[in-house]
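For reference, chains read A, B, C, D, E and F in written order, and residue numbers begin at 1 within each chain.
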Amino acid sequence: MVTRIATRATPDADPDWPYYRPVGRECELFELAFRHRLPLLLKGPTGCGKTRFVAHMAARLGRPLHTVACHDDLTAADLTGRHLLQGGETRWSDGPLTRAVREGGICYLDEVVEARRDVTVVIHPLTDDRRLLPLERTGEQLHAPPGFMLVVSYNPGYQHVLKNLKPSTRQRFVSIEFDFPPPAVEAEVLAAESGLSGERCAALVNLAGRLRALKGRDLDEGVSTRLLIYCATLVQAGMPIDEAAQYTLVEPLSDDPDIRAALRELIRMTFS
Amino acid sequence: MVTRIATRATPDADPDWPYYRPVGRECELFELAFRHRLPLLLKGPTGCGKTRFVAHMAARLGRPLHTVACHDDLTAADLTGRHLLQGGETRWSDGPLTRAVREGGICYLDEVVEARRDVTVVIHPLTDDRRLLPLERTGEQLHAPPGFMLVVSYNPGYQHVLKNLKPSTRQRFVSIEFDFPPPAVEAEVLAAESGLSGERCAALVNLAGRLRALKGRDLDEGVSTRLLIYCATLVQAGMPIDEAAQYTLVEPLSDDPDIRAALRELIRMTFS
Amino acid sequence: MVTRIATRATPDADPDWPYYRPVGRECELFELAFRHRLPLLLKGPTGCGKTRFVAHMAARLGRPLHTVACHDDLTAADLTGRHLLQGGETRWSDGPLTRAVREGGICYLDEVVEARRDVTVVIHPLTDDRRLLPLERTGEQLHAPPGFMLVVSYNPGYQHVLKNLKPSTRQRFVSIEFDFPPPAVEAEVLAAESGLSGERCAALVNLAGRLRALKGRDLDEGVSTRLLIYCATLVQAGMPIDEAAQYTLVEPLSDDPDIRAALRELIRMTFS
Amino acid sequence: MVTRIATRATPDADPDWPYYRPVGRECELFELAFRHRLPLLLKGPTGCGKTRFVAHMAARLGRPLHTVACHDDLTAADLTGRHLLQGGETRWSDGPLTRAVREGGICYLDEVVEARRDVTVVIHPLTDDRRLLPLERTGEQLHAPPGFMLVVSYNPGYQHVLKNLKPSTRQRFVSIEFDFPPPAVEAEVLAAESGLSGERCAALVNLAGRLRALKGRDLDEGVSTRLLIYCATLVQAGMPIDEAAQYTLVEPLSDDPDIRAALRELIRMTFS
Amino acid sequence: MVTRIATRATPDADPDWPYYRPVGRECELFELAFRHRLPLLLKGPTGCGKTRFVAHMAARLGRPLHTVACHDDLTAADLTGRHLLQGGETRWSDGPLTRAVREGGICYLDEVVEARRDVTVVIHPLTDDRRLLPLERTGEQLHAPPGFMLVVSYNPGYQHVLKNLKPSTRQRFVSIEFDFPPPAVEAEVLAAESGLSGERCAALVNLAGRLRALKGRDLDEGVSTRLLIYCATLVQAGMPIDEAAQYTLVEPLSDDPDIRAALRELIRMTFS
Amino acid sequence: MVTRIATRATPDADPDWPYYRPVGRECELFELAFRHRLPLLLKGPTGCGKTRFVAHMAARLGRPLHTVACHDDLTAADLTGRHLLQGGETRWSDGPLTRAVREGGICYLDEVVEARRDVTVVIHPLTDDRRLLPLERTGEQLHAPPGFMLVVSYNPGYQHVLKNLKPSTRQRFVSIEFDFPPPAVEAEVLAAESGLSGERCAALVNLAGRLRALKGRDLDEGVSTRLLIYCATLVQAGMPIDEAAQYTLVEPLSDDPDIRAALRELIRMTFS
């Protein structure tokens, strides 16, 4: 059942795919996991491109994608489906995970650690060699076709005592760590998304590096690539850079007056 | 897709719009975010005019507005909708967020940090480039039209350990801080809302400044512009200023006898 | 929209109104708030006459009254209404708040701080200039008519960390503090309610003063006017005063043997 | 409305009434409260005869009795009633409190402090001069007839931080403290209930006094009159007194080996 | 109503009864409680024969038996019954307690302290002289016939702050403590249940005594008679005694490596 | 009822059975417990082969298998079944435990300690000599046929104060501890599952031993056999061993930068 595959078997980038700029060999790993039917775990900070990466790979592999942002109250039924009353009749309605299994698509559970614990009952038989989705409510046992893949993500920066992935769940996934792209790549991303000149994008990325250095001391999270794109967008629309940075790089990061003053000072130093 | 727009493209103030007196460039930012389809986060203390600002901008941009005051028990279904039994039949009933998406209107989630966590599953795909609202229950996937905008607010003064916006949510919003207006502007607002003379309004605003200086020491929150309007209204209706201040600026702020005595003393000193 | 009104525009007391003996200018404030459509917050200890005051004012202003005793499990739906199954059909049933809005009546939420947090979503749009009650379930948006007024109360003596009114809610109300009436007034109330002679009522009020002086040291709450009326009623029915006081002024106040002994001693000293 | 009544207006004891041996003037107080429509609170330890007292008074006053043992999950709907599905139809079913109000009977809420907080919304309007039971679900407002009386009890020995009667509820009740009967009376009760000779009953009561003296030091609660009756019943059926005491006075009081050894020693000393 | 009965009124042991080997006078007490309609509480460690004892007595007294293993989520409705939807119709379904009351059988609530608190509302009126089971949902009030008896058990070793029997519940039961049988009796039980020779059973009981001596120091619970029977069964089926003891007396008792090593050492010393 | 059986009564391994490589006498114990109708508890770390062992034994004994991954919200009804609405009709739907009892199959509750407490009410009567499954909802009492067996597992490494198996549940199971296989056996398993050469598999197992030595100091759980198989699979597909180890042996084990650096160092030392 193990197939030896070339490391770049997928076709070249297609302009219709969602834009994604690879940093390392993450595309190769994703494809290898897909071909060997291994589930994949993406670890990394918020806004660094995990969701876009999965969208890109789904397009590249030609699989439909179902994305679910997990939260404290997400239950197994939210993923598998439930009976709904409709016009006096009850009708079974597949959840996103079930749809992915039926179609042979990719199901991406973003921040899976936030979901309620009954989600494990659904994930476990899908992530070992059984690749099985039991639907108690309909009496079905769905066998995942080769095209199905489960991808989950979480942000190690959030981990705390009450909420983490149990080892018995975690050790079911091939795992890869994401981080913000290296400066040249991130500037390339900014320019592509906002239309701003490469030079100004490089200046913003330079600023981002300084801001991210504060993480763990003054900031819980460094500035995300997403916020840099917001900033570049406002600047490109004509807003002065210090004002745009105030709205996109200072206010979203902290409510503490001292920290915000320090951020503003850092911004002024960078652009003066 | 990025459009270069003039900073004052909107028409001049229209008398039918809800009254709002801008303090800085908040109207320009709102409009820019609206045109570039970026979600907006308003931070600021209670009663400083955030709700009115959003109502004003909705009118100015000609978009319908749906406002929801969030709370501990607000769930995603309260925003998206649910099936209701009616006359023996079940009928889907859109929630305020879904209505805003369908109409291309503005949805304003006041004190969003209070809502339950499953709200994130709804907010996330609406606040990135997907601008998508998946309605599991009806099987629909609504793509937000250009007229849709999500605005949320919270009060940094309330933030505590158990309740705050996760960075992965927070870094999805362009953000701006609100505060009480500068004295001259606040007096102008009081006069417009209560009909009281400008001179007496200025005196009330002067008092407000002294009361707000106590925040963080004796008071959790400074006196709001709203309470000043209540006070001006009672005075304009013939009530002596110290009695009106007792009912609107002392009792609503504290239950502590010593603090209230200090507030009363401050008021007497101001008006004697 | 601000109307200048005389401070005593209401007619003189009518014998059909629930009996209420004003202590200060609380009736004038209530009426002014009613005329200017401002919501009102009553603060004060248990059993000092807040509920009776609201009943009196509702009669005086000729408005129907809906009173709700709030508690830990009271939800917004308990106030606004819900669909009920009846004879195989679902029928919408207005809650007390919705009835008050439809009729233009007064809704009084007693000890509002005890209610669950989703009550805020209903109170907020009713307590600013929108005066709006959105009924998600029926799809209605009710605009409160001029006759509608929201009155809430709470007891500052109960306030604790987990349960208090958020500033963003609290700063929406004109507020007034209640306390037990001055001795002469309280004796007048006792006599009117129990039929006991003025002299004996004065003696009971004198005792109440001594008992209330223990509040904060030995007692959480002072003795209420209501309990004094109970005591006067039992005495008027022929029970010896020390036995009546035991049942109405000692046992209801404390379970601590030492404190009760002290209370009994105080009572014996007062009446021997 | 206050009626001056003789202190012993009720007829003499009737053999059909549940047996109750008064200790003080509790029957007179109950009757006076009933005639003046005042609610009553009984305080006292477990198994001292509160439930029997209420049953006795209900028979004496010729009123039907509805007793509810309150607990952590008892809600207002458990007392007022709910719609039940029956044969495809929904039918309103009165709860015990509603039945008592409709019939003009006595409703006894045993250990009321254990009930959930929404019970207060029902108790409050029934315990002031309104004497009103609002049934939101059926749209009824029941006015309690003169025959209705609300009696509640609780055990001050259980009181703890999270569970107690709020002053605003507690100060609505005329209150009386119960305790175990004086020795001669308790022996009389034992003999009447078990058929055991007066002398042996007196010996058991003497033992009970010694066991109760341990309360607060080694025991949370003293031995109840009920357990003494169990003991007398087993002895009267032929069981040796030390064996009967082991099963009824030692094992039910404690699981601690040392305390039980001490209790056994006390029993042997009493009966040897 | 008190009947003087002989202490051994029941017939001799019947081979069809579930096997139970009495240790003391527990059968006499059970029967006496049954004849006098007193509820019974069994205290004792896990696996010492409480459940079997009740099954034996039910057979001996010729009463049907309903056993319920209580747990954190067991509610009163689980005991009394509920309306179930069946074929479009709702049908009342008696719970095990209600069935026992209707039939005049024995209801045994195992580990009653684990049940939710609303169970008390059902137990209380059944455990005093009323012997009443009110079924709010069907409107019935069932009077327990003479054949009905309520038996409850709990394990004092589990007692902790949050979960214990309230004195007001506990003092309603005649109580008896159970422990593991004396060695000769326990060996007799092992032989009867497993078929293993008396000598080898005696050796196992000897081992059990040593293991139980560790309770409170290294072990939370001593080894139960049940586990000894498992061990004897495996040995009788041909498994070496040290291997059988590993699976039945070591692994089920502890996960701590040091404690398990000590247990294994103790076993080797016993059998070498 | 006790049958003396040979220790290897089952047929030799059948190529259609799920692959399982025995380490000790666990197959004999399983079969003995099955023949004597004793329930079995498997203790051991995640990913060491417990699930596969049960699947293997079910095939070997010719019994159908129902596996349930337990979690915080798993209730008794999830195991026994519930009424489902379907096409306007309610239909009883057996849960996996009930299906196993009806068919005489094996029910495997993986990580049973995670399930909610009402599961005990179902497990207890199935795990003593009654072997009974009461279905309150349908009124059935199912007697388990000889082919039924209950197997549960848990991971002692997870045990914490709030979640563990009560002794009264735990002492109902014959128990066996699992651990990772000895090196030679584990290498054999890797080769069989991934197709990688025996020599390279032995190197991976050697590495696993070093990583597992860190458990309890730097790692909560050692690397599982499952992750080693993932690693071997990626290597066999052409990925360099250090890259494959990064994705399967480093990232799934820890988020701590220092620990991961140490793991990477260990890997490099092993393979250079």
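Quick note on the criterion: a residue touches a chain if its C-beta (ideal position, glycine included) is under 8 Å from a C-beta of that chain, and two chains touch if they have at least 3 such contacts.
Model, not experiment: these values are computed from the prediction.
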{"item": "Self-contact between copies chain D and chain E, residue sets same or different by half", "value": "different"}
{"item": "Angle (degrees, nearest 5) of the CA superposition of chain B onto chain C", "value": "60"}
{"item": "Centre distance in Å when chain A and chain E are each reduced to the mean of their C-alpha atoms", "value": "53"}
{"item": "Rounded Å distance, chain A centre to chain F centre (Cα mean)", "value": "31"}
{"item": "Chain F residues counted as touching two or more neighbouring chains", "value": "88"}
{"item": "Arrangement of touching chains [line / ring / star / complete / other]", "value": "ring"}
{"item": "Touch list for chain F against partner chain A, complex", "value": "46-47, 51, 67-74, 78, 84-88, 93, 95-96, 110-111, 114, 155, 157-158, 194-195, 220-221, 223-224, 226-227, 230, 233-234, 236-239, 243, 247-248, 251-253, 255"}
{"item": "Chain A to chain F touching residues, read off their complex", "value": "2-7, 25, 29, 32, 35-36, 38, 41, 43, 75, 83, 88-90, 116-121, 124-125, 128, 136-137, 139, 156, 159, 166-168, 170-177"}
